[in-house]
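Consider the two complexes below, in which chain A is the common component and chain B and chain C are the respective partners.
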Partner chain A sequence: MVEIYAAALINGLLIGGVYALVALGLTLIYGVLHIVNFAHGSLLMVGMFAAWLMAEKLGVHPYAALPVVALGMFALGWLLYRLVIGRVSRGEDRAILLATLGVAVVLDNLFLTLFGGDTRQIESDLTFAVIELGPLLLSVPKVIAFAVSLLLAGALWGFMALTDTGRAIRAVAKEPEGARLMGIRPERIFALAYGIGIGCLGAAACLLLPSFFVSPHVGSVFVLVAFTIVVLGGMGSFPGAVVGGLLIGVTESMGGLWLGESLGPIGISLVFIAVLLFRPTGLFGAAR
Partner chain B sequence: MLEVRGLHAGYGPFAVLHGIDLDVAEGEIVAVLGANGAGKTTLNRALSAVIRPTAGNIRFEGAEITGAGHDAVVRAGLIQVPEGRKIFPNLSVRDNLLLGAYLRGRPNRARNLARVLDIFPRLGERLGQLVGSMSGGEQQMLAIGRGMMAEPRLLILDEPSLGLSPILTEELFALIGRLNAEGLAILLVEQNVVQSLAIAGRAYVIEHGVVALQGDAAALADDPRLRAAYLGLA
Partner chain C sequence: MKPVLIAAAVLLALGPFALTSQSLVNIAMLTVVSAFLGQCWNIAGGFGGLTSFGHTIFFGTGAYAAAIMQTRWGLNPWLALPAALVLGAVVGAAIGAASFRAGLRGSYFALVTLAFAEVFRVLSNSLDFTRGGLGINIPLGMGAANFQFADRRATYAVALVLLVLATSAAAWLKRARFGAQLVALRENEDAAAALGIDLVRTKTAALALSGGLTALGGVLYAQTYLYVDPSISFGVERSVEMLLVAMIGGAGSVWGPILGAIVLHIIADVSRAWIATPGFAPMLYGVVLLVIIGVLPRGIIGVWERWRA
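This part shows the complex of A and B:
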């Protein structure tokens, strides 16, 4: 009995690490910049297809492809912001919403046309590799994703806290005119930060690939969860995103155990509501 | 050092400034006075290239800066402490100050920070604090400190005494005098007419987007037209 719970807990933590990974880029884009990025799931899907293509056509393992995919996704995010989102929105929230939604629709249908609706997977030695921990079996790709999400959260936190660009990113979202008067160019900072967020998503895509299927719809599995985690973590806190992701993962896994697969997700809503009732600014949110 | 000629600016089709001429020489304090809505802040925003002038030109230290990017203006040393302060509420005092030096090299930062903290010791006690929770006076100190971090050659202050107590206003004007005595040129936009004219060498009175009066500050202080213009009665 104890073992079942221990296994569910460990599995929850591991899947939570994966969720956190997807939520990190969104923490920057939605939590810090306040861009409601409906294209987040679609861009994750693009990243996964990029990694899948590199594995399938070039024989490059997704982990080896990570730097290239992350850089490529950074460039894609930067371009999307410069050419579409920034231009359409001109800083208006409603327009940003529509712009990112439009990007999502275009990407989803483009990939549906190009690749069809089938799910695909790569063949890798790692896919079914496990670490035995006493009676527990830990999926190796998920352990790696978990570890990288911790590292990436730390790196992002350091970048935002300690560099000029990180400070500027935090500043432009709240006070663009004040930033201009210090010589900061908000449009550049927004594009850069959006690119970095999407680059993180590219890294997440490579880490997901060994243990997840790819299809044009894969993004929708993660996108709501990712938004939930960003709010739960405290809108813009990277440690908060990790803890929020783990909490959601464990809740989902425990909920499945107690309430069954179909009712399990209710637990996520309950935890979400409970946290925001007691801490309206989220787990790691700044008091306001 | 600053020469403004025939400056027109506004917001879209709504013209606010209708041909402003204004000069600031090295080491001067120049006051810009005028009723609410006269166009003082619009003038400042055009000078800092936050909005684009529709006509006229601006020269700073001999170089044409009309139509330059707002970052180029900051790099040239024309720095503004804006109306309403516009500090970064979600950042710490330290991060606000460091962003003042966004376009300045790292070597000077430590020295400039030490200088700002020397002028405003209270900021030093609050370096890690988020500025959203500070008092109005502290926020104004921070706004000026952030401006100083940008190594200004000319500092524009837009209604710095707004919302400050009489004592803090007194301190503020003393500080402005002190910065000026160290050689910094200052363009001081104020509602506080008496104190501004006492500290400034020259002054301009703006009314409905044009210069209604200008001249020696001491002479203007006694000019009956000043009150009329200021109250918008002229």
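This part shows the complex of A and C:
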């Protein structure tokens, strides 16, 4: 009995690491641009398809493809902000929300048109590999995904804290007009931050693929999870996204264990609603 | 609105009764249902600015009410209409009261409605009461007394009555004090509150009105297709379609959702003849939405309003 719980706990933590990476991108975009990026799940789906195509057509393992996919997704995010979201939204809250929804609708259905609705997976030696840890069996791709996700989260934090570009991003997040007076162009930083947020998704996609399926609908699976993590941790908070990711990973796997396969997913939605209704600043957020 | 336009609208609405092709009537019926659901969304989302991403909650509540009342309790399906109206309004009031009391607005309200819809989907997918993922089949029993029509024109007539009802509600909002309060708080919450408008009560009432009407659409769906299941009832696609219809036609206007539904169904039918792959038409909807937000924030109807002004 204890083993089952321990296994569920560890599994939840492992998947939570990747969730944290997905949520980091979302919280970065919120923190800097103050926009709710509803296209986040759909863009993760695009990254997963990119990684899947590289594995299937070119024979490149998703881990080897990670830098390329992350860079490609960064470029896609940057372009998307420059060409669509930044232009269409004119800085209005509702227009931005609907613009990102529009992008999600277009992407989901574009991939449905191109690839059909089937779910796809890659076959690799790693898919079913496990590490034995006492009585527990840990899935190797999940352990790798967890470790690399947290490594990348640390790297992103370092980038934001230590580099000039990171400082410029934080300056724009706090005080766009002040930053403009210091010679920083906020519009450039917005596109850059959006690109970095989406680049995180490219990395997460490659880490997920060996143990997760991909389909044009997979975005909607992740979008609510990512938002739950971000509001739980506090919108815009980096440590919040990491802690929130781990908590939600555990909530999901414990929910599945206690409530069963079909009722289990309710846990995430309930956490989300409860946080929004009773503690909208989240665990690490400053008061609004 | 000019009498000529009203005459044209009446003619357009009554035209399908003269059609003998059931498939053409079916297209007209689906367009009117879309317009109706878009109009329901418009009442909260357009007039009140309550951007809901989960309006299918009310649709699904109505659909399940119809299915459960018949299959479990043997009630006449016509009774499902008043029941759905009340249930939809209660669910809307509950979600509204909880969200607005917590001060959720804008994107946060959109996200919380999405999460509520997911809760409803998961619950209907796992409870015995709703027969879980199997869904509920409504036994066949054609006849007007049983709210099951072999002739699509009868279904169309019911849809048309619903659309007239919802559009009258929107037209009433345009003139009534309640509607003016809604628009005031959409434009500036703080100013509206300073004028003594009770934000929570007004917004909750709008969501309840919109929810009650939307649930009627769920009853019509259940009686037309005689089957409901969790993803038909509570899937995100329907919420998005309702929003698209209203936003593309013109949110906050009386005729916008009708225009939006006509435009979306023309896109759907033309593009299906062109590329039939599933997903192609909805992709175009998304593109149209982006163009509308970027170029015509007041929707297609905005062009007409600007020209008239």
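By definition in this document, the second predicted complex is superposed on the first by the 262 of 288 C-alpha atoms of A that agree within 3 Å, B and C clash if a C-alpha of one lies under 4 Å from a C-alpha of the other, contacts with A are read in each partner's own complex, and residues count from 1 in each chain.
The working rule: a contact is a pair of C-beta atoms (placed from the backbone, for glycine too) under 8 Å apart; a residue touches a chain by one contact, two chains touch by 3 or more.
Here the structure is a predicted model, which is why all the values come from computation and not from measurement.
Engineer: Among the partners chain B and chain C, which is in contact with a greater number of residues of chain A?
Structural biologist: Counted on chain A, the partner with more touching residues turns out to be C.
Engineer: Let me test your reading of the model: by the given contact rule, A:F272 touches which partner, first (chain B), second (chain C), both or neither?
Structural biologist: Second partner only.
Engineer: Of the two partner chains, chain B (first) and chain C (second), which one does A:A95 touch, if any: first, second, both, or neither?
Structural biologist: The second partner, chain C, only.
Engineer: Touching A:N109, do we find chain B (first), chain C (second), both, or neither?
Structural biologist: second
Engineer: Figure out whether A:P239 sits in contact with chain B (first) or chain C (second), or with both, or with neither.
Structural biologist: neither
Engineer: Let me test your reading of the model: by the given contact rule, A:G178 touches which partner, first (chain B), second (chain C), both or neither?
Structural biologist: first
Engineer: Should A:A168 be classified as contacting the first partner (chain B), the second (chain C), both, or neither?
Structural biologist: A:A168 sits against chain B, while chain C stays out of touch.
Engineer: Quick one: in the complex, what on chain A touches chain C?
Structural biologist: Residues in contact with chain C: 36, 38, 84, 87-89, 93-95, 97-99, 101-106, 108-113, 116-117, 216, 220, 224, 227-228, 231, 260, 262-263, 265-266, 269-270, 272-273, 276-278, 280.
Engineer: Please give the residue numbers of chain A that touch chain B in the complex, ascending.
Structural biologist: For chain A paired with chain B, touching residues are 164, 167-168, 170-171, 173-175, 177-185, 286, 288.
Engineer: What part of chain B is in contact with chain A in the complex they form?
Structural biologist: 48, 50, 69-71, 73-75, 79-80, 82, 85-91, 95, 98-100, 102-103, 130, 132, 146, 150
Engineer: Name, in rising order, each residue of chain C that touches chain A in their complex.
Structural biologist: Those in contact with chain A are residues 49, 51, 53, 98-99, 102-104, 106-108, 110-112, 114-116, 118-119, 122-123, 125-126, 132-133, 236, 240, 243-244, 247, 275, 277-280, 282-283, 285-287, 289-290, 293-294, 297.
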